[in-house]
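Order as written gives the chain letters A, B, C and D; numbering starts at 1 within each chain.
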């Protein structure tokens, strides 16, 4: 079994500082949070940019600043979001991929996201995939429902995605796939052999799905984007605190945690 | 095991007469197709209205005419679509439910539909469910992905849907859940005990999923909306031809086919 | 999807003529039943020998007579049982494999069989596999529980079995694995890619599991060994009647039925 | 989710002190090991008796001595084995149930156990169940294959077992069901609602299956009977060391560990 890649999803587009007082918002805060997560065991950081007032932004310059500040601190893999917030246009969303990061997220279909719709039409997906391919960016394919796996495989057939694919199962969003153990088992059995996968359980699903991934050979994403609590009703002190717990459980389970360069190896990234 | 309810989805919003020369389009054609399907074993008819030129319409008057013409021929359960075509507004889509049919379809979430998006926001769903409840219409909850089941269960909690729910698993649409046997097994195991379910396999998935439903205790939808072929490359002569095959297979499998009043009993409809 | 191999399990070791008046017992009756099954669509015949009084026997001479009489009538694949009756010794059970038939059954583990125990120790299995390999007999690996699949794979590692393996899932025996659709899905997903499989549902499980196999790409075994009824409470007229129903359903499902030489191709038999 | 019941299976019938130098063998050693396991978080102890030379024995007097010595140290639930060693007779195996312990194990079917056969005929099972019912002993139903669940349910129908049943899934024995995550998911989905279950993964399967059980709402058995290693190639210092790791992981996962009286509540035991 490969070493465990822990991704820290530090900020997201939805969480506010009212909900989570320790949310990193500015480039400096995000870089610092990335560094702490790295020290706690994360080898990959999934980043959403915010304006100083906390509003989500896909501004390439903000992403550039974060990217540089993170790189100045450690060699963690930098993965900006191309999901943005539900109200961002496709043009805005793809901006950070132009920075040629090692990875970027790419959501492979449309679904409800609570009262909103997270819009990822075939046209969006294909244009995002094309930009990433041209810029040497490895996509992390975000899967909110089973059909999105097939959407990704269709892009493989069209030459827009390379295999092996790295999937991220985002589970427990109201409006998309549930986050019970059997749901993860189903998704993990629905991807082509040779693929790699991470699970990002939302809210109360984060921890149990992470634990299952550890023993099933998947990888784990935690962080304030997905879950702001450390235990029921208790907000986490930091993203690093959530990362550290996963690292401890992995160690107890006899699964080693990947350093960034080991994660690059597993994901087929050329540094 | 309950008797088998066969639904005929006669027309849909996408198929053209160029693709399927035997497609029923006018109210008279649709009523005649419904009657033939009824004779072949269907107890429920899922209806999309079209304008004379074939364009999909949600015009209540066209649905009224179809409803009356069908009722004049046989006592098959009439279930208009509130899905309409992907470009219809929510206001247009809900029109046929105002006719107080016994049932109407209600799609429980948003997904890609090939290059289009089939938009069913939480707001749409909830408003549709409310109209149906006020008009004594039993919804058939159309499920294109696993998360839509939970969307429906949330509406139950809000008092917008009554249990037991009748689900329709629409499987194999490009952009939504696949149509392999294991996908059907997964969905069938994801609904509350006491629910009823139908499967509508799209294209090449229609027949194998129908056969599985027959032996698993589910129900079956076939028809030109979902599949225009009788065998590979050979367009079907009529919706009734597709219905008749399911009735024959059910008989071979020792499962009796429900007449309309038996289907009403199974679905908890008051006639 | 390969053409469908229908196996007729004509006689078994348990059924009596009191239960099933049309049970073939003598070599002449068995050969005639094999021929009728062949005409109805079977390409493989699974044979248990009986003494004239109906007692099960593993006597090589009786098997030889059956084998010759079957071969005189048609080119159906001849597969004697090495399971015998639960009270036969291993030495008795392996006898028919010495006739160098194209195939023979080989049960890959021990389980309860109602009040009895169907004994297949590791020693039995390995000795049977060795005899079959020496005699050029392809085993059909009979699986009554999931662990038996791994028993077979251990024999592959020891060089006692060749791949691809042909499995027969015997489902619904009291004491062994159940025969619900989800049980078949589980077993079918537990074998190595490239394997072939047949399902033999016992009693009321025969027909639904057969139908699932047809659409899942498996193969089907029916016959008096597994099930004596045509419909609930109505004993079948002949093994051929059960075969013919499967052939009709397969045809309705668009799956062609394999002739014996086509079955040989699928199973990798050299004739 | 209920608190987590950790069972310590201290000794078993197979392990030798050559394999595991810290194996408890004498009543004093077993009582001491039970006490250490209790301190580490175990609320239930599964016991096999041994003669002073290490040979497994089902002698009631040895079990009596162990039972009393354990009770003198702590209030852990005492569960003797009625499995014994593969060569014990049924009469020998049932002896410890006559001591009227709160629980005893009862294996619900026959399977291969490596080169041996673990014999549990219908007659054995039913006689064991009867003795337990007469002596007020709650059976823990040991499941080595899926069909054994149905064997247990048949005993419920015959009035030989009360519901809710407490199952123990023993997974990864060579000859019986495998111990992959999907195998556990399958078994856990195969028992009646309202049942409780524990998993005992054998060897390398112990830890991953334990972890899955923690997040799936099952319970966990560890100990030298199932696994002698702490990490790959490193023998554990004590049963308690294995228990303590499970307790730590449970705590990390936010699942509290049950004290003996809490376990009695969950299992429906009257103390």
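One rule holds in what follows: a contact is a pair of C-beta atoms (placed from the backbone, for glycine too) under 8 Å apart; a residue touches a chain by one contact, two chains touch by 3 or more.
Predicted model, so just to flag it, every value in this text is computed and none were measured.
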item	value
Cα-centroid distance, chain A relative to chain D, in whole angstrom	41
Distance between the centres, which are taken as Cα means, of chain D and chain C, whole angstrom	37
Whole-Å gap between the CA centroids of chain B and chain D	50
Multi-chain contact sites of chain B, meaning residues that touch two or more partners	182, 189
Graph class of chain-chain contacts, one of line, ring, star, complete, other	ring
Chains that touch, pairwise	A-B, A-D, B-C, C-D
Touching residues (chain side chain A, partner chain B) in the complex	109-112, 114-117, 119-123, 144-147, 149-151, 154, 173-178, 182-183, 186, 189-190
Residues of chain A defined as touching chain D within the complex	181-182, 185, 189, 207-209, 211-212, 214-216, 231-232, 245, 248-249, 252-254
